[in-house]
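Encoded as structure tokens, the structure appears first; notes follow it.
Labels for the chains are A, B, C and D, by order of writing; each one numbers its residues from 1.
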Amino acid sequence: MNPLQIELPGLSLKNPVMPASGCFGFGREFSQFYDLSVLGAIMIKATTFETRFGNQTPRVAETPAGMLNAIGLQNPGLKGVLTNELPWLEKFDVPIFANVAGSQVEDYVEVAKEISKAPNVKALELNISCPNVKTGGIAFGTIPEVAKELTKKVKNVSEVPVYVKLSPNVTNIVEMAKAVEDAGADGLTMINTLLGMRIDIRSGQPILANRTGGLSGPAIKPVAIRMIYEVSQQVNIPIIGMGGIQHTDDIIEYFYAGASAVAIGTANFVDPLICPTLIKELPEKLAELKIDHISEIVGRSWKNEYL
Amino acid sequence: MNPLQIELPGLSLKNPVMPASGCFGFGREFSQFYDLSVLGAIMIKATTFETRFGNQTPRVAETPAGMLNAIGLQNPGLKGVLTNELPWLEKFDVPIFANVAGSQVEDYVEVAKEISKAPNVKALELNISCPNVKTGGIAFGTIPEVAKELTKKVKNVSEVPVYVKLSPNVTNIVEMAKAVEDAGADGLTMINTLLGMRIDIRSGQPILANRTGGLSGPAIKPVAIRMIYEVSQQVNIPIIGMGGIQHTDDIIEYFYAGASAVAIGTANFVDPLICPTLIKELPEKLAELKIDHISEIVGRSWKNEYL
Amino acid sequence: MIRQEDMTIISQKLIATGIYELILKGNLVNEMEHPGQFVHIRVNQQVAPLLRRPISIATVRQDLQTITLIYRAEGEGTSLLAEKKSGEKINVMGPLGNGFPTDDLRKGQTALLVGGGIGVPPLYELSLQLRSKGIEVIHVLGFESAEKSFYLEKFSELGKTYVATVDGSLGTKGFVTDAIEQEQINFDCLYTCGPLPMLRALEERYASKQGYISLEQRMACGIGACLACVCHVADDPTKKKYRKACSDGPVFRMGEVII
Amino acid sequence: MIRQEDMTIISQKLIATGIYELILKGNLVNEMEHPGQFVHIRVNQQVAPLLRRPISIATVRQDLQTITLIYRAEGEGTSLLAEKKSGEKINVMGPLGNGFPTDDLRKGQTALLVGGGIGVPPLYELSLQLRSKGIEVIHVLGFESAEKSFYLEKFSELGKTYVATVDGSLGTKGFVTDAIEQEQINFDCLYTCGPLPMLRALEERYASKQGYISLEQRMACGIGACLACVCHVADDPTKKKYRKACSDGPVFRMGEVII
């Protein structure tokens, strides 16, 4: 038995480790380093209806154990992704999560409808939480009713399961999670980045051209773990956890908190081989901890709470 | 002219650097290391009406560039603080911010009323944002209307200016800030800790006995800077900034973001001399950056935005 | 007085599987007197690991101005510490806490020193000081396995030394309590340091005896300011009295606090 | 092919105020060909500093299997790098990006190499390679001050070398553009690397000439995946075309991208 094999709504994965959206492009660059077929899945860069250039540079800034980014959803647009990126990815034996973004409901719906027809797209990841887009973006991710409506509309048109990516920049993450579950979401992915800023000491100005950006990396892991711990106890759909994962210990921590799979973002920039390395090390770590199958430990931190 | 001397509602400080509440006890331990009179002010440990033991241990856990704590407002209670702690602090030439906490409105009001009469208490810091107390605590800090009501009631009884300490665990920090400004708050202190968790790999259980805790330290600085940047543009009361300060560069960054003074929390645990060291180094840093007086640079990041 | 100092590493040696012996030199040694006190170490100047690490003082050599620490390299901080080489400096705060009282016993009486794993190191200086007062010492040291045991010869030079290992690879198979019973050891005062379950077992068995336990707690400040490391006081119906392991402890009279 | 390797530090020297020369050895050197390419360095294995640091390759010695990097120790990452000693290992990813094309010029033609501050290093390998093709090289190097200048003799050995310093402590007082005008330098192709204002000034003045600029941008991945380092393409009315400094650059034909 493969101790890493997992089943999620709409897809069966050879392992629970996948690169997070926006940290892996459409895979081309990383295919120089390894065969992408080893991955559990790939979450591709956000796709919007129109081609987008995104924000001005600088678009990244380092922070203590973290980084800020304000890429601004740069992507080749629905047509570009359907024509050039997804077909290229077909040569790998790996399911794709298509990260769907937009400025208005119609954009999301149109992208979801079309991209969910691509043969290797096995699930959508509804990005209602990108902090770096001025129009709309963030509101979808912070008002439960709005998130619910959007999720419903996307569910109506999608040919594949829909996962909703939650923003951590909210007072009540459980409320958001329940709203999208009610709307029919098949799963959750969390967390997106925390809104942050860094100011340059010489110029007195924010380093990012967009001024604020999204905080990712190890710094945010405790916030992500806490949110997954809270949400996983209150919903009945699986969670793909992310935020600062660098080691197999981090993966185990996410599972204990309540995640059923994990995604690796920022760490890909530090070590392009991080995903295959973690996939390789994970069975050993499980053996060391006397865990037969990774699914056993989903939510262990709260399932054992009253033992 | 002293380039560090600043004026805040209700107090005139010889410098803008003070230890943050809960990270300095009532000063006794640090008085072994240096003369507390060098400090701009002292924010003492939260005082509640009753004596509190707080949470079970473990109460702290380390995280990447940060730490979690769930002390649970352990303190000797109003009477203990008035009898033993504040009189002892009188031997130092340093104004005290009394951090006021409670589980219900009446507690806050009672503590505020009495503690604001102490001769060395020059301001109150209303702690509406402690994430580690089960009853009430957090709600005061996340619902604008509730925060507003509480602030009004405390303002009514306080003999000294009232600063309100904001929680970062909210969707809209500006809304919270405006609510307490409307209620008559004289200033803001921000940020309190982000709610987080860490799970032990061996046991599968959260490290903290309280399960969740408050994240502090360098990891949270980008979030604090962003919030102060947003809030300082929307309110007319001064902000005392805190979150991960370790170097004079960090202090400058907080001022650029919009803070008028700063507090040092977690760094006191790493280096008990951090406050006097930063106070000593700050004039040099200002000279290097060609800043005549620290007040000049409050909000520079957004004041120059359209130059 | 508690101070911070950049102490110089004189030597760093692997003495058992995962266990290092670190010798540090500096003026701070002048302040160190009591066995059972500890130092708080900053392993680097970066933001991670953020907090200091508490490590007991295993021996003090005033003549050489050195202290010896023995620690297990396991997590992030101690693993980084293990990479340091002699000649490098390391920031140390100390001495912290109150040590084991050695005045309760008279010459000729017997002290039983019971250590478990990384609780063993502070007992070495304690044993030295008790011996120098003419007190007889018996050691019972518990380890996971033979390969993780250390300082057995050194302890043997000071007094009878029994060992228990969980896997039975050395001495009695089992826990220190098994060894004590097996050897039917008699003593006037118990001194112990190690994992909580061990301390609890000893406190229960020897409740009627005089003894001191050294308590491990997760710490932040190490000086009594943050209240991370508190424990309840025994027989306190208000449940509001407390002691801080860092500044009131880490050594407490058996029965003084709830463990 | 791009790879990661733990390269060995052969030497690390302070060569000017705040400027270090670092020589690294490893198999990765086999992959390095083009002047203007860079490596992406992980200064330690901790979580902070989190990101790699991009540093240009200043020279390659295939025979010795070494590369030389020249960098300014200023921020957190480069300051930690400066503490490393020979014998230590350091994780290097590279070679990254496309270098300066050297095929545009014929033997006997003249190349003008203009560098500013830490933009100077990649020009050294470029100069070596141009010279080996029989192309004449002229260098104009700008620094803040004499004490921050470096490699002047080495450049002089390859061709005429003019210096400009902001404070006038060496060569022409002012910027590289002042020096070029003062010396009335003629050339067939311009190669330049340095701060943005310098690049802009050169592009403006020599718009009609052939030339290549090497662009600095804040980077995360360094391999073209994160889109941190993009720039707009010139003459693109849609404003949606872009180039990535890390993988399409860092060297661009003058006028190709908006800087």
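Just so we're on the same page, contacts are C-beta pairs under 8 Å (C-beta built on N, C-alpha and C of every residue); 3 or more make two chains touch, one makes a residue touch a chain.
Protein identities per chain, from UniProt: A, B = Dihydroorotate dehydrogenase; C, D = Dihydroorotate dehydrogenase B (NAD(+)), electron transfer subunit.
In this text, all values refer to a predicted model and were calculated from it rather than measured experimentally.
Engineer: Is the C-beta contact count larger for A-D or for A-C?
Structural biologist: Top pair by contacting C-beta pairs is A-D.
Engineer: If every chain is reduced to the average of its C-alpha atoms, which one ends up farthest from chain C?
Structural biologist: Following the centroid criterion, the farthest chain would be D.
Engineer: Distance from the CA centroid of chain B to that of chain C, rounded to the nearest Å?
Structural biologist: Their C-alpha centroids are separated by 36 Å.
Engineer: Taking each chain's centre as the mean position of its Cα atoms, how many Å separate chain A from chain B?
Structural biologist: Between these chains, centre-to-centre, one finds 34 Å.
Engineer: Which integer distance in Å separates the CA centroid of chain A from that of chain C?
Structural biologist: Computed from C-alpha means, the inter-chain centre distance equals 46 Å.
Engineer: Indicate the residues of chain A shared as contacts by at least two other chains.
Structural biologist: 63-66, 217-219
Engineer: Please set out, as single numbers or ranges, the residues of chain C touching at least two other chains.
Structural biologist: Chain C, residues with two or more chain partners: 47-48.
Engineer: Edges wherever two chains touch, nodes for the chains themselves; is that graph a line, a ring, a star, complete, or other here?
Structural biologist: It is complete, because no pair of chains fails to touch.
Engineer: Using the touch definition from the top, list the residues of chain B that touch chain D in their complex.
Structural biologist: Per the stated touch rule, the residues are 64-65, 218.
Engineer: So in the complex, the part of chain C that touches chain A is made up of which residues?
Structural biologist: Result: residues 47-48 of chain C touch chain A.
Engineer: Okay, in this complex, where on chain B does chain A touch?
Structural biologist: These residues of chain B touch chain A: 63-66, 68, 142, 169-172, 194-199, 201-202, 204-206, 211-212, 215, 217-223, 225-226, 229, 244, 249, 252-253, 256-257, 289, 297, 300-301, 304.
Engineer: Chain C touches which residues of chain B in the complex?
Structural biologist: Where chain B meets chain C, its residues are 22-25, 28-30, 32-33, 45, 51-54, 57-67, 69, 71, 74, 207, 217-219, 246, 266, 268-273.
Engineer: In their shared complex, at which residues does chain D touch chain A?
Structural biologist: Counting only chain D, the residues touching chain A are 1-2, 4, 42, 47-52, 76, 93, 217-232, 239-240, 242, 247.
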